[in-house]
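Structures are listed in the sections that come next.
Next come two complexes built around subunit A: one with subunit B, the other with subunit C.
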Partner chain A sequence: MADLSLGSAHGDTDTIRDAYLAMARTKRMYGGILLIVFVALMTSGFMLADSRNAGGFWDGILNIFQFPGEVVAEAREKAALLPGLMIEFLPSLIETLNIAAAATLLGAILAVILSLLATRGLAKFPALISPVRRAMDVMRAVPEIVIALVLIFILGGGPVPAMIAIAIHTVGALGKLFSEVNENASLKPVEGLASVGATWTQRMWLGVIPQVAPNYLSYALLRFEINIRASAILGFVGSGGIGYDLKNAFSWGQGRYDEVAAIFLLLFLTIVFFDQLSDHYRNKLVGRG
Partner chain B sequence: MTITDSGVTTDLRRDIDTLFRGKRIAAFAVPAVLLAYFTYVFFAFDLPGLAERARMDNAAVLVADSYSYKTHITHDNRNGGTSIAVEGERKGTYPEGMTPDFVTMTGPDTARIALTDGESAVIDGASLVYSVPDYGDILVRVEGREIILETPPGPLPDWISASSARIDITGEGGRAIVTRARAEVYRYSFGWELFWFTLDSPFHGKSPVELASLALSRDRVEPDRSNLSAIASDVWNNEMWRHKDVLWAIFETILMAFLGTMGAAIVALPMAFVAARNFNRLSAVRFAIRRVFDFVRGVDGLIWTIILSRAFGPGPMTGALAILITDSGSFGKMFSEALENVDDKQIEGVQSTGAKPLQRYRFGVIPQVTPVLLSQVLYYLESNTRSATVIGAITGGGIGLLLTQAIITQKDWEEVSYYIFLIVLMVMFMDWVSGVLRRRLITGGGDA
Partner chain C sequence: MLTFDRLTKRFKGNTAVDAVSLTFPKPAMIGIIGASGAGKSTLLRMVNRLSDATEGHVLFEGQDVTALRGGARRAWQGQCAMIFQQFNLVPRMDVVSNVLHGTLNRRSTLATMFNLYPREDIHRAIDILDRLGIAAQAPKRAEALSGGQQQRVAIARALMQDPKIILADEPIASLDPMNAQIVMDALRRIHDEDGRMVIANLHTLDTARRYCDRVIGMREGRVVFDGTPAQLTTGVARDIYGADAGFSEAATSTSIEALDDAGAMLRPAQAAI
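Moving on to the complex of A and B:
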């Protein structure tokens, strides 16, 4: 009797083990196939990109330090001039920061309104939830450069096209994040306010915004940091700010690399500064660290 | 008792009063600061001057061009002969003997053009008559070195601009420009011209039904290949819209984003282990790696792109490497944070079975962090599709390059709107793909 039960238990574990091993095998096989597909995609993609590039990868990798080397050498030669140059480029840097700040503010204000309109349970016009969301999707999908270049054609150069372009993208990006935050907001204060006859604006302003403001601010700070980078890039492609100066200094070529170095340094310090600042305040706002 | 009680309430009252006063001040100060900042920006960005600089006529051209096209009917005043070309481009020129239905040619130098809104124009040798229903006929003649303009009596309307070298008539339904060298009439039509077939294709001007029946029929339009392949190849090799190049450019952009994002993740993962507190006890090494992450992120994609395009030249490889380098910093930081939050119990469990360190990582750590890391990588994949467009505009690769080229010419706005449409579609597609993958891989247990 004991023998029998032991034997059947033995058989059970055997089947369980077999099933487990079979499952592990198929799992490993799927994992292996996925890995092979991934590696194949990466290598073929790499070869394709390499073949369509003007300069090959293996030629390029050898002189990757050539240009930074030239810049550093020239900057070291004219090291005494660097602080002066950095002060000279300070106004453009401020313009770049202003573009980012104004765009973030404008974008965030619009994003708050749109996100409230796009959140189930809070929206003033429930029928509009889906159109507002699609509109935000489109705004998020359009790269800033597209809007900036088109606006430069109409408005001429300067900081305004870049500001509008970044603001539009910010509305889309922040709007989505904000509406996710709104969905987690408690509805009790809103209902309380509704019971005393508050209008929609009052309900949102007094019932929702105080709950979500720290998260809003945290996302907006992160966005501000991203927008500084975007603003520098847009300057390089078309309008105002430090990116434009960088492009000019760069196109002068050798002999002006001290300017390039000064701008690189300014940009680097600014980005690191705002990166650390936004990191610090975000941790504080959402109660981490 | 009552005294102390009231003392407490007055204290409380005072506290509350200060609190409320502070809140009230904040409630006014924040908007005031914002307003002050916007006022500053208003003047710093010279918004009052913007109204002057803004070229609303450019905007009108842009909007009109993005949904309509114009056909140029040009008479060469020096050598004679008339040519008809879509957008005045060589590849859109009508071959000899073929005219659009609004042009009637009665000789090499005479053309009658029906414009929209009841207007019409007649080119006859060196003279052009432009008829406007409520105004009358405008006659422009080129005689030797002079251009003579004859209009109905009355002052010259502002839609006709005349100088000794050039007459420009901008009507409601068309436009005519006469110089000594040539007389040109533009006719505007709705739509994107020659989007599927160029004029030299035998399939030009066929309706979808005709095309479908042609594709199924056995009689070959071109003897050496089937109709279906001829149709496909004519669309694919369309010189006006360059579908082949555009699709390649889109593919290149996605390739840049894919290679860059995945490459960055592969580079960042081992480095993140070194930078995580619970996997590396050497704080000096940890510190150094973290500063490397900060440096790479701080240098910014723009500067990396410039440096790399110097070494590698324009193309998708440069863009992919720029994304790879910038994002390995971001990934390194995020991955190491995720690794610091792993649960030690699972690692200890694996260790208790006698697993070696590498096995401990493989079976104790990787399954825990995979969902988090994958979701971050996939999110970046979508956002990098957008970055790849911008980087492409800087280094010269992908759809970003095509877009900037089309914008710089300042006339192919229909192509610009086509590219913008495709870019938005591409980003939304990547958004969707990354969302689907995220849901699949993360809720599916995260074993990849």
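Moving on to the complex of A and C:
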């Protein structure tokens, strides 16, 4: 009660009002300046890029639908052939999916270990946090296609180099995301397990993983989707799968656009399917927890 | 003024609130008591329309609140403030901004996104904070405040709404006895001075007895007691909580005076040892 009736004299309130209004004005001014700088940068950046563009943005933008238009037009003509083509490409799709799945699994397992080593408060060797993080940065920074090209040069073409390339990128990307999830995990259960004499592995496996598993799974499934696309693209550089077929269909040019359409449709349906699947399992896991 | 008509909420398989019918003819300070899971929070959440009733109605001044949709529902929420056990402030924003959130229903989305509020509103927010004794905290981030101070910021946000009803869901359950008293005194003062209706879920009987004009007891979703604080005897409390004769209020009381009673009870026990 004392605290309530201690209500400050009115002079104090005026000071507080003025001080707060001054603070609010400063914040608004900074916000306004930032907004102006942002708009100015966007405008000048666009103008610069447009002037250096070979064809000019405004002339090119109108043609943006030309190529998809051609593909759709041809696919519509040969619509009856599409289901047959889709079945024909199914084995390559499965190869692509296998590459993505193996890479995601391998990458995620390594990412869990590295992320735990790279999280402040959880790491077994605090001194190694920074090196582990830099290592993950490197794995993330190098594009899959570069790693794949190097590996194809060493190991020869095929699905294995593609899988390793995607896995390396996945370790870096998922390790970063997992480590952010770990930072939000409560340390109380970990402390509880430490109080009964648990080892580091026991504390992580029994104290941290149950808390973060739903988020891990959700990120891993998102990564799986991304990896399906990555695996398809790697087919372009000769590691098999549906990307190889897509590249062939593209290079044949007009007349084979029905194949392009069939492959795109297959990829689209696959992504939708795995998106639904990941939603389902994520909800199940969160609901159980 | 406010009527609940067979208000019911069912979750998968179990009934959280079971056909609650109550009438509140005029603004009062009302306490709802009951064990955890008795449906107290669910009841308040249905009044604020944070959750929808499965069956039944809430009528406020003749208007069926449970039937409101979209903008009308948000307008009702603007008039019916809610205070939570865990304060539910935005931790990284300053105290005055948190209080100004009470006006969100009346302001345009775009202006509030850039934290632009009229000067009069800012002045009023600081006046309300001053009334609750925490004006000095105005520029701090909400997360930097103690629990009792945060709950008073939440009350200030509720007052900023200029509501006819204030619902408080266990407002003092996460506070120490001293801060609990400050917060309850503030709620009582809001009722006495502004004539607003206050409905508070409480889980300490002495608080309900001391501050409320009318106490409602709930058990397993049903109203099992409705009367004045004086009628709330230990026997009635045992019925509400489904406890046996071993139940003693003083054993876990949070009121500082009750320490003497509990001490008196312990002494014979110690003597026996």
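The rule is simple: the second predicted complex is superposed on the first by the 194 of 289 C-alpha atoms of A that agree within 3 Å, B and C clash if a C-alpha of one lies under 4 Å from a C-alpha of the other, contacts with A are read in each partner's own complex, and residues count from 1 in each chain.
Please note the rule applied: contacts are C-beta pairs under 8 Å (C-beta built on N, C-alpha and C of every residue); 3 or more make two chains touch, one makes a residue touch a chain.
The shown structure was predicted, so the numbers you read here are calculated from the model rather than taken from an experiment.
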Quick check for you: in the superposed arrangement, does A:Tyr20 touch first (subunit B), second (subunit C), both or neither?
second
Once chain A of both complexes is superposed, is A:Ala40 in touch with subunit B (first), subunit C (second), both, or neither?
neither
Partner chain(s) touched by A:Gly31 [first = subunit B, second = subunit C, both, neither]
both
Is A:Leu90 in contact with subunit B, with subunit C, with both, or with neither (first, second, both, neither)?
neither
Touch check for A:Leu48: first (subunit B), second (subunit C), both, or neither?
first
For A:Leu277, decide between first (touching subunit B), second (touching subunit C), both and neither.
neither
Chain touching more of subunit A, residue-wise (subunit B, subunit C)
B
Note: overlapping subunit A surface for subunit B and subunit C spans 27, 31
Could you list, by residue number, the parts of subunit A that touch subunit C in their complex?
1, 3-8, 12-13, 16-17, 19-21, 23-24, 27-28, 31
With touch defined as at the start, can you tell me which subunit B residues reach subunit A in the complex?
34, 37-38, 41, 44-47, 50, 53-56, 58-59, 62, 252, 255-256, 258-259, 262-263, 294, 297-303, 306-308, 310-318, 320, 386, 389-390, 393-394, 396-397, 400, 403-404, 407, 410, 416, 420, 423-424, 427-428, 431, 447-448
Spell out the residues on subunit A that touch subunit B in their complex, using ranges where they run on.
27, 31, 34, 38, 41-42, 45-46, 48-50, 52-57, 60-61, 63-64, 66-68, 95, 98, 101-102, 105, 137-138, 140-146, 149-150, 153-156, 158-160, 163, 229, 232-233, 236-237, 243, 246, 250, 264, 267-268, 271-272, 275
What does subunit C use to touch subunit A in their complex?
96, 114-116, 119, 122-123, 126-127, 130-133, 135-136, 138-139, 181-182, 185-186, 189
